[in-house]
Every structure is written in structure tokens, then in C-alpha cells.
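Just so it is clear, A, B, C and D label the chains in written order, and each chain counts residues from 1 on its own.
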Amino acid sequence: MARDKVCVVIGAGDATGGAIARRFAREGYTAVVTRRTVDKLKHLVAEIAQEGGKVHPFGSDARDEEQVAKLFREIETEIGDVEVFVFNIGGNVRFDIRDTTSRVYRKVWEMTAFAGFLTAREAAKVMVPRGQGTMLFTGATASLRGGAQFHNLAVGKFGLRALAQSMAREFQPVGIHVAHVAIDGQIRADRPGSRESERGADALLNPEAIAETYYQLHRQSRSAWSLEVDLRPWVEKF
Amino acid sequence: MARDKVCVVIGAGDATGGAIARRFAREGYTAVVTRRTVDKLKHLVAEIAQEGGKVHPFGSDARDEEQVAKLFREIETEIGDVEVFVFNIGGNVRFDIRDTTSRVYRKVWEMTAFAGFLTAREAAKVMVPRGQGTMLFTGATASLRGGAQFHNLAVGKFGLRALAQSMAREFQPVGIHVAHVAIDGQIRADRPGSRESERGADALLNPEAIAETYYQLHRQSRSAWSLEVDLRPWVEKF
Amino acid sequence: MARDKVCVVIGAGDATGGAIARRFAREGYTAVVTRRTVDKLKHLVAEIAQEGGKVHPFGSDARDEEQVAKLFREIETEIGDVEVFVFNIGGNVRFDIRDTTSRVYRKVWEMTAFAGFLTAREAAKVMVPRGQGTMLFTGATASLRGGAQFHNLAVGKFGLRALAQSMAREFQPVGIHVAHVAIDGQIRADRPGSRESERGADALLNPEAIAETYYQLHRQSRSAWSLEVDLRPWVEKF
Amino acid sequence: MARDKVCVVIGAGDATGGAIARRFAREGYTAVVTRRTVDKLKHLVAEIAQEGGKVHPFGSDARDEEQVAKLFREIETEIGDVEVFVFNIGGNVRFDIRDTTSRVYRKVWEMTAFAGFLTAREAAKVMVPRGQGTMLFTGATASLRGGAQFHNLAVGKFGLRALAQSMAREFQPVGIHVAHVAIDGQIRADRPGSRESERGADALLNPEAIAETYYQLHRQSRSAWSLEVDLRPWVEKF
């Protein structure tokens, strides 16, 4: 019997991660959604199930090597083949340099470039022998520009982009598509923001629209793969 | 009666331009395909017609201001509303700097950044009052890197990317999506190349796959538009 | 008898070009300063002469192939060896895309990427056989970012940067240093600006300070050459 | 009595760090040179002393917050005012992604973007109240490009560049110059390399030439500061 195809979304706690999981579930992928606390995934799991999708929530700390190894082992043993890997953990904080503790600086990096490495490495271990798969990394404005007071996030997000580039050069020639999406703007959460009321709901990034681009990246033929893609709302200044 | 929606492809003479025109025609757009000599469009016109698509060929020199104005006037008067604009003229030549004549240098620029401006400006004139449309520019490796002996193309392609960025910043807030696609690799023509025979047909960029990304860019919700996208085959070194 | 070493500044009409010519003259280079109208160079020539420097003004249109060839022929025949070449012509205008005439668009390109090519090509013809020399290109914010309404300048300045990159890759291995300086901010002219009065004279780019960086680029050992350098005032937002 | 002006070089263990320390010592700065093991600084200290320079070696682990705080406290209390800060720790290793342990990945980051943060933050604490100083970060090819097997270094070096950008935007408006130097090529060590024998000694980056650019960056007037500079040998392919 053919094994299930899995789309694993690391950091499915926010609107973007949830929308990506739902998008792939709608196409028949089994969504594996993770965040540190499994309870907070209840709503998303119910949504996907209600739409007829298959979904498995995991409470798993992406910064913990053993938990990550266990997560991928359980997925591959009990659920199916990881075909799509999405890394979506953020970590936005604002501090002056002189007020930044080493604890915060390290923690934001662990949530971004370190957790991204630990989880992508495990995904690579199962994808490379099969010679196929897609790895998608969520970037931000801070992936491309180190802004004042945004050094914590920028150091992690620049690092994550470096990781995506290195993985693309190592893995694309064995058949695995790697892409980095720089989301340049504010994402629309459930509650309306001030800009929305002025310029309409689509003045902020719609998570469903972001998810559509992730899905289309996965669908690309390997004869024409994108590595770096940006996304911003039509009204965004940049 | 609703007017036809037009996708105009400036420089539909090569494999990529042809595939883009076919892709949009398949979705119900009326394809307007141009190149300098209308005769050379016969094959493409037949292909689109055979697939049941609507298509109008124009012999039009994109470097000639009057011809370009006339082209858009005729499209809007006789065919329909330009909703998608694709600029796809290349201009690859190789010379040492000291062997480059001013004639060649100017000509390659006229085929790229100048023709791109003339045609995109006319497209903007009809799109802006309607507050919608998509403008897609075909870039290349030379859009991002000035290689030795590639200065002619790089000067034009860097310029075209500058134009796309400026137009995005001017037109996106009025509802027109602008995107630049940097195609980084060799495109598969009809005859098989040496790399193809070694690594399979998809070792070169497939025009159909490129066209799919152009179509998906057009489909993006305005809440999450891409401006810069790259495309390369899985086996490409970069 | 040893021939004079020449630093030729194409576009020495503004504060920056003048300061660069003075800086090299102070180091013993014979300054050749050009602009379209030779009369407007009188003040600069007097300044350099007063400081004890050697200087030759030329009225020469850098967009005119024959005038450019004649300029370099005369320098090499009558003055000395071109060792330093500086291209410093600007071309700032602001227009909406739809209000931009093809005449203006072409003219700004001719002042930037075209004149840059014509003059640098002639410089290369005399430098390459000698296996030494420095070529310095003046860039701007618009060399790296296509802003709304700045498309004319951006198309030309992106192109000039492409040219510098291509020339670096072609000429550095034969011993000619090529560098591009992106000047990101407003340059201080003679009359005080509003920001100056608020934040002090150095809130704007000082032409003397710019010139110092050009001179230091020329001085770099060929074991460690810079290709791309940015310059902005300490108070600049970016 | 005027306090000594200090140039502190974090990671003065290699040829580049040593050359930078010597360059500033020659201009009258008191060089403070650090590496993990103080013994390995003996040769450098002797060289600087022999040239008549003032130098203080410190064994200090730049990844250790307390040691870093102590280092800057001792410099400011016992030696002088930190006017120039140079961060020069590398961390080159090559691994496939799947063979990369989390220990190595974390360690290379700690040596680059983490140590860079800890030391630059302490430097900022003393520079900001004085409203002057220069902070120079040593980058590499891997600061701009994530190569296959170079992910460890690239994640750290991209991060260090992000940090430099963020610090420039935070600190330049209070008078502190921040610059990042991307060294793109192999640096000449004491023993001749194979390329040297073929193309001459300057086919590799000369540490003295690198140091000269660091010194000239420090000398720049605040009206025209560079943030990002690249350096490569004349024969380098890129």
C-alpha cells in the first residue's frame, strides 16, 4: 500500500503556519503540525479535520535535538513519508544593542537558525535517500536588512537564509527543492488592524495568500525551481 | 458585453515567450504575441489556435515608440483590455570590452531596458486608470551579475530590473502587480543539448515550467505579491 | 624621461568631480578634467593651479564616440599616461513613468551607462597594454534600488554598476583595478542646506571626504582590491 | 593627561588580526590583542614592541560573557579609551548537512555572530557615551553566499553582517562608525601556497594590505562613511 505523503510544518502556531498546513491538507497531504505546546494546536487540528483533511499535532521543541529526532522518527514510522518540510518559527523582539542580554540574543537565534538547522537536517536525512522533497523556509524583512533594534531577529533570519542557500546548493542536485520566502510586511491576524480599516483587508498579508505561494513553490517542476521569493502587500512601502 | 482580457507578450519569438502565451491562452486570455517580423509567429499562432485559444500576432518593433503606441491602441480598440503584460526580449552577445562597438552596446540596451520601458509605459497607460493588471519582466543571470564579456547584456538586464523595481514602487499602490523573474540557466530549445542527454531533459529550463511560474505570479492575491523571483534547473551550479 | 601620470575625471563639473581631481593633483598626478563646456571648468582649473597642481581642462561630450576617442588620443599624445580613470557624470531627474518621454529616458542612460562605456573603453585601450591602472565609477542610491519616479537614473546607474562588475572580471586579472562607489546621500554643495544648519556641515556628504576614498581605492595593493564600496553621512537614514 | 587611544583586536591570532594590530600600533594606538590562549600572542607582541608600538595581550574567550566584560573593564581602567574595535574571529569548517553535529553548528555560530555580539556590545557601552569610535567586522565570501558544505560558517557570517548593519543603523547617528569587510579569497599565510608560486605573492590576500583598508576605514570622515566593503586579490575569479 502506498504510504501517506506528509507535509510537516514546524511552528504551526501562528496564522501563517496554520494556513500552510491547511493548504497542503486540502491537496491530500497529511499535515503534521508542531509547536512547543500541543494544546495550542487544538483549534488548527479541528479546522483541518472539519475540512476533511488528515492532521497530526505534535508538541515538540524544535530547539531540542532529541525531540526533533523523535518527531521525524515517529512521523516516518507511524504516519508516512515527509515530502514537504516547512520551517516557520519566528522570534521578533526589539531592543537596543546595549540592552540586549546574551540570553535573548541566543534564544532568538535558537528559535530561528538553530531550530531551522536541527529540523531541516532531520528532514534531509529522510528526503535525500528518496531523492525528492521540498524544503520551505519562512523569512522576513529582517532576512535581508539588519534594522536598528532588530539585530536579534536579523542575525537569526540572515542565518536561516544562509542555511537555505547552502542546502539548495547541496540538495537540489539530488532532487530536493529548497526555497526561502522573505515575507516583507505585516501579516493579518484574526483581529483587524488599523491599516486594514483604512485600506481594506488586503493591506496586510493574508496567510491564505502566503500559503498559496508555498504550495505553488512545491508544485514547481524541477526544471525551473525558485530559491528566493519575496512577498509583500500591494500597499507596502519598501 | 464584457471585453476580452488580453495577455500581451512582447518578444514571443523564443521558446519562453511562446510557452507563456500558450499558458495564458489556455486560461481564456486572448494572447497578443509580438515580434519584429510577424511571419515568424505563424507556428506559435497555429499552436495556440489548435489548442482552442484566441491569439493575435503583431509584427512590431518594441524599440520604436510609434509602433509601440500603435500596438497598444489597436489591442485596446480592437481586441480587449490588456490585463497581463509580459516583456520577454533578450539580447545575448559576447564581446571583450575593447572589441565592443557602440552600435552593439546601444542595440542590446535598446532591445532590453529601452524596449522594456517603451512597452511597459504604454501598458501602464491603460492599466493605471483601471487600477489592475500584471506586468512581468523576464530577467537572466545577467540581471544580477555583470560577468566578463557579458557587459552588453548585463547593462540592459540590470537596467530592466531597475525599471521593474521603480514600476513596482509606483504602480503597486494603485493595484498593478509588477514582477521580475531572473532565469538563471540555459533554456531548453527544441533540439536536445549535451547536458540534456547526460542528465535528462529537465537539466535545462523547460519553457512550460517557466510559463507556469509566470501564470502563478499573475494569480497571486494582491495581499501577497512577489516582486523578485529566480528560476533555475535542479542541477544548476550557482 | 618619465611620462606624466594622468588622472582623468570625466564629468568634473560638480563638487565631487572637482574634489577628486584636486585630490589626485595634490599627489602629483596631472589632472585632466572634462565636461561638455570647457568654460565651466575655469574655476576648478584655477583652484588646482593655485595649489601647485598640474591640470588640463577639456570640453568633451562623453556621449560622443569621436570626441571621446579624440580626448584619450590627445591625453596620451600630449599629456601623459592615463593611470587613473574616474567616471562621474550624473543625471538626476524625477518623473512618473507615464510622463517620461523616450527622449529623457534615453538621455539619462546616455549620460550614465553609455558615456561610462565609451570613456571606460578608451581608457581600457591604453591601460590594458600597460597592465596597470585604476577605473573608478561613481554610483548612487539609485545604483542599488529602483525608487518610484527614479527609474531614469536607476536604469542608467544599475547599468553602470553592471559595467563596472563586468570590467572588473575582465580587467582585474590583467592588472587593472575597477571599483564602483555607491554614494548614498546628498552631497554638500557650496551653499548650506537645511540639514546642515540643523546637524552640522558633515550631515551631508563632503566632496573632499568622497575624494579621499577614491584616492585610497587607487592606492590599494592589488593583493586586496575593493570592487564595491558605499558611502553615506553618519546621520543618514537607510 | 590625555588617556591612551586603544585599538582592540578580538581574535588577533591569525595573520589578518596581527597585521591590523600592527597597523594601528604604528599610528600610535595602543593595541590590545586577544585570543583564547595568551601564550600564542607572544610572537605578535614582540613584533609590535620591536616596531616601537604599545601592545597588551589578553587571553580571553570572546564567547564568555564574563570574560568579555572583564576584558573591556580592564582596558578602560588600566590602559585607555577603546576608540577602535575589530572583530576578527573566523571559524571555517566543511561538512555535509547530514554529517553536521549540533555541537559544531552551535560552536561556529558562537565563534562568529555570538562572540561578535558580546564583544561589540561591550565596545558600544564605552563608545556611545563618548560619541565616537570605529567598529570593524571581518567578513568572508560566506558572508554573502551560502555555499554547499559551508553552512556552518555562512550562518555565522551572514549573522555577523546582519549585526553590523543593525549596529550601523543604531550607532552611526550617535557618532560611531560601523563597517563590515567581506574578504573574498584566500589570505596569504607565512608559508607560500601553490597559487603564489604560479602567479606571484600577491595572488593571495596580503594581511598588510587588508590591514591598510581597515585603517583607512577608521580614518574616513563621518560625512562619508562606508558600511560594506569587499576585498579580493586581482587574480580572483568571482
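Note that in this section a residue touches a chain if its C-beta (ideal position, glycine included) is under 8 Å from a C-beta of that chain, and two chains touch if they have at least 3 such contacts.
All values reported here derive from a predicted model rather than from experimental measurement.
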{"item": "Third chains touching both chain D and chain C", "value": "none"}
{"item": "Mutual neighbours - chains that touch chain A and chain D alike", "value": "none"}
{"item": "Turn needed to bring chain B onto chain C - CA fit, degrees, nearest 5", "value": "180"}
{"item": "CA centroid of chain A to CA centroid of chain B, Å", "value": "31"}
{"item": "Interchain centroid distance [CA atoms averaged], chain A/chain C, Å", "value": "46"}
{"item": "Two or more partner chains touched - positions in chain A", "value": "169"}
{"item": "All chain pairs that touch each other", "value": "A-B, A-D, B-C, C-D"}
{"item": "Residues of chain D defined as touching chain A within the complex", "value": "65, 96-98, 100, 102, 105-106, 109, 113-114, 117-118, 120-121, 124-125, 128, 142, 145-151, 154-171"}
{"item": "Contact set on chain D toward chain C in their complex", "value": "169, 172-173, 175, 177, 183, 188, 201-206, 208-210, 212-213, 216, 219-236, 238"}
